[in-house]
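Heads up: the structure comes next, in structure tokens.
A, B, C and D label the chains in the order they appear, each numbered from 1.
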Amino acid sequence: MAPGSSTGLLRHPTLAGDRPPETTSERLVLALRDVAKTYPNGRAALRDVNLTVPEGDFVFLVGPSGAGKTTLIKLLIRDELATAGQVLLDGQDLGRLPRRQVPRVRRKVGIVFQDYKLLPRKSVWENVAFALEVTGTPGRRIGPAVDRVLRLVGLAAQARQLPTQLSGGEQQRTAIARALVHDPRLIIADEPTGNLDPLISWEIIQLLLRINEMGTTVLMATHNAEVVTALRKRVVGLEDGRVVRDEVGGAYHRED
Amino acid sequence: MLTFVVFSVRRAWQGFWRNSLMSLAATATMILMLLLLAGFWIIQTGLNAGLQFIEQKVEVVADLNDNAPADQLLQVETTLRGMPQVASVTFVSKDQALQDFRARLKARGQEDLTGYLDTNPLPNTLEIKLKNPQDYGNVVDYLDGQPTVVSQVTPIQNLVNQVVTVTNFLRTVGVVVLILVGLTVLFIIVNTIRLAVFARAEEIEIMRLVGASDAFIRWPFIFEGAMVGLFGALITLVVLAVVATPLQEFMYGFFRVLPLQFGTLVVRDLTLLVVGAGVGLGVLGSYVSVRSYLIR
Amino acid sequence: MLTFVVFSVRRAWQGFWRNSLMSLAATATMILMLLLLAGFWIIQTGLNAGLQFIEQKVEVVADLNDNAPADQLLQVETTLRGMPQVASVTFVSKDQALQDFRARLKARGQEDLTGYLDTNPLPNTLEIKLKNPQDYGNVVDYLDGQPTVVSQVTPIQNLVNQVVTVTNFLRTVGVVVLILVGLTVLFIIVNTIRLAVFARAEEIEIMRLVGASDAFIRWPFIFEGAMVGLFGALITLVVLAVVATPLQEFMYGFFRVLPLQFGTLVVRDLTLLVVGAGVGLGVLGSYVSVRSYLIR
Amino acid sequence: MAPGSSTGLLRHPTLAGDRPPETTSERLVLALRDVAKTYPNGRAALRDVNLTVPEGDFVFLVGPSGAGKTTLIKLLIRDELATAGQVLLDGQDLGRLPRRQVPRVRRKVGIVFQDYKLLPRKSVWENVAFALEVTGTPGRRIGPAVDRVLRLVGLAAQARQLPTQLSGGEQQRTAIARALVHDPRLIIADEPTGNLDPLISWEIIQLLLRINEMGTTVLMATHNAEVVTALRKRVVGLEDGRVVRDEVGGAYHRED
């Protein structure tokens, strides 16, 4: 692990084509090649998706409801398997990964699920600590790390509450805290600000930007037009399962 | 490694109490099923004891000639004792036999007419108990070959055959029933734990998505199953202990003949059975249940 | 009203299959428990039949004087038949008795020495069966008062007492065991359904939040419980039917003495028991389980 | 039921005080009087809340994450009971309502839950139909109504899918469809656009506005600043469990 490596603020290919050229000198954290995903019920959620994300990148994944953003994210953590094409995470082909290796790969990633996926019978504190426990972190290091990240997302006061005793936004922030607590090299956030008020949304985005500046790669699916447009980061647009644009410095809406 | 075990046990403990409704339902099932198993095991043990007791009653009775020479009689006795099939040889004198007979009559409240007898009509006898009730052949043959000493041999041949068939049959039935009950108990407990774990399928799924390894997920559940089994077994033992004394007295008051006292050996075996079955089934149930969510 | 029932049944059917894993687990438990219940009921019925058979064997035997006057004999017989305690009176002639004795000896493979007898030493007898084995007193008194006809009365008094005590005891034990097994079955099934419904607590909660009335939520669950019970009962009956014939033959081959044939009446009772218990427990289980989520 | 009654476009008191005066001539759909809610763990989620909503009103409920918006909504459908004060829905005191009456009251309301609360083993179609079935609507009228509302929220193609087979936004729209299908006189929506892209969000809002114009009262908790500010409807601001503003024609953020 090299979370603080100097690959931090990377230069990205600046053309606004469908598919940025792969600069071989950069390490690719994510790479999808000709990926398609058709669900068992026959719905084609992704088609011919090509996408590479070099280390240290900050990518917004945008697109209308049902475009395939969550499906793409599910492929990245091998929650689902692609029906065609290759999905590489850190150079490993997830389609060929033996079952036993899956947890190891998932631990490299910090993921905020669109529906949070908090453990229902564990408190906020325990939910966040869980992400450290699975990595085998010694107990004495877990406490301080969890406290710190809960303070970051503003949940220090709610640490002992169960998910059912939280407001929607508090649940979402718990999910965010859990994704950050183990200092992952890659953060994947699926609509992480949908239930947050504008102020906290901005704070969370700022937090992700700071973490990104330290070298962590961030992929964020969002509908928050304001944030996307203001930040002018790389924007990957999905529509009906296809990548329809991939621009560095793009806005939420297409600007042609 | 040890840390992992301690950690898993702690999580199991938490899991048990945080899902208390399900844990208690599973434990209650465990208790009832263990009681059923223990009940059948006790019946089976009692049956075996009873059958053994009945089989011990099977013996060869040799009526002796009143005028048999003492040395020859002694020799017959010695030879019998030396035979590998023979468990014990008892000499019952004719006086003793008459006394026994009178006592029996008296116990039954029947009129004793033996007082009017001039002589004792009963013979001296040798009562020979066999180790295995089926091996009476050689003993009878030998006795038949001693006409000076033995006037008549009553091997109760048919009785022996019948008793052995009946006891073997009952033993087989007992074992079969015990096995069937055992399988039922196995299935019910595993099934109950499956249902309890099913309600937590979502939890397992989330743990996997967050990167928990199979072992990390599995062990707490297995310890939880062991806890259910252990709690269930302990409560079962308490119930059995409470019930044992009155039940035993009641049984004893009734079946005066059968030696249905439970020795410490039986108690030890029963404890092992209940605890072993409880913990074993709890672990097995958890293992099977969690496995079905991890395999996918 | 009818629409509501039809609608609820349809939703129950859906619920059953959409939660197939839980439904099947519950059904499997149901089957095993019903088999257990049926098994015990059969044993209990068989035991009762056996005990009745044994009790029927209890009778008063009156040895008759060979030279008893025919008319007096006839009168004794008639009087006996008129007594309310008496179930049946059978005259067994001395020739008949000798034939029976010889047949028995032959069956046992014993040497028949009766051929050497000059006269038939057996008396004519009257075998009197009693309706209630405990009511032998009056009969014996009456017979004792007929010295011209009756030479000896053998009420097997002690035997009667013993047999009655034993059979009453066994009957009590049988009923107690059946009740205990019944309670166990009740608890296990209700508990299993509770666990199955527990996994759907969220569903029930959502239904309530959307404005479903208690009846609207409850009835489909109750019908689902009834389905589990009915399916379980049907499969149990099939299993019993398949097992019945070989088992009966086996038992019959063994206990030649006991009339362990199951008549159609027993089959009807058993079917009622299994179906009734299945559906009843299914409904009860669902009712109890859903209730605990609706009450809050 | 009078969904098409002419009480439609109501005039609201136009002062921007903490508590608009109650004009007795209007029928109050909702009324909270000195309401406080303290959860069993001791957290005070609402304090001294006074709020009245006349029939035909359109109210935005805004406030930071954890302010008490969802708690307030839970009180309105008697999911929780107020620890102090009175909650009146349609003139009925919910605190005194016998348990058996609760379903009847809930059926008057169309509610979009923040976490959707879809029945997990029913398809989209069945989930929406359920809201009609509980009211005892005859089967032949259910079909057309469900189809119509699914077309309105753009889910006609997903009708047969289970909630687990839906994207986040599709789940949210299913929840919205279920809240609308039985033509309730009051619609309560808790953050109904958090997982929708801006385009669909606007469509849903337009839909709610149209329904409101037909006389249905709408109460909507939201973090969507853009929508709130653009529509200039009545805005109730919660903060830390207290009503801090109640303005007709307000913006998302306080404007003083």
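Heads up, the rule we're going with is that a residue touches a chain if its C-beta (ideal position, glycine included) is under 8 Å from a C-beta of that chain, and two chains touch if they have at least 3 such contacts.
Bear in mind the structure is a predicted one, so any value in this text is a computation, not a measurement.
K.L.:
Go ahead and name the chain pair joined by the largest number of contacting C-beta pairs.
P.N.:
Top-ranked chain pair by contacting C-beta pairs: A-D.
K.L.:
With chain centres taken as the means of their Cα atoms, state the distance from chain A to chain D in Å.
P.N.:
31
K.L.:
In whole angstrom, how far does the Cα centroid of chain C sit from the Cα centroid of chain D?
P.N.:
Those two chain centres are 63 Å apart.
K.L.:
Could you please state the distance in Å, as a whole number, between where the Cα atoms of chain A are centred and where those of chain C are centred?
P.N.:
Centre-to-centre distance between chain A and chain C: 68 Å.
K.L.:
Going through chain B residue by residue, note those that touch at least 2 other chains and give them in order.
P.N.:
Expected reply: no residues.
K.L.:
For chain A, give me the residues that contact two or more of the other chains.
P.N.:
none
K.L.:
For this assembly, give the contact graph shape among line, ring, star, complete and other.
P.N.:
The chain contacts form a single closed ring, each chain touching exactly two others.
K.L.:
What part of chain B is in contact with chain A in the complex they form?
P.N.:
So the residues of chain B touching chain A come out as 7, 15, 18-19, 202-203, 206-214, 216.
K.L.:
For a test of understanding, state which residues of chain D touch chain C in their complex under the given definition.
P.N.:
That would be residues 77, 79, 100, 102-107, 109, 111, 113, 117-121, 130-131, 133-135, 139, 178 of chain D.
K.L.:
Would you mind writing out the residues of chain A in touch with chain D in their complex?
P.N.:
39, 41, 43, 62-66, 69-71, 114-115, 161, 165, 167-170, 173, 190-191, 194-201, 223, 225-226, 252
K.L.:
Of all residues in chain B, which touch chain C in the complex?
P.N.:
These residues of chain B touch chain C: 21-22, 25-26, 28-29, 32-33, 35-36, 108-109, 158, 169, 184, 187-188, 191-192, 194-196, 198-199, 254.
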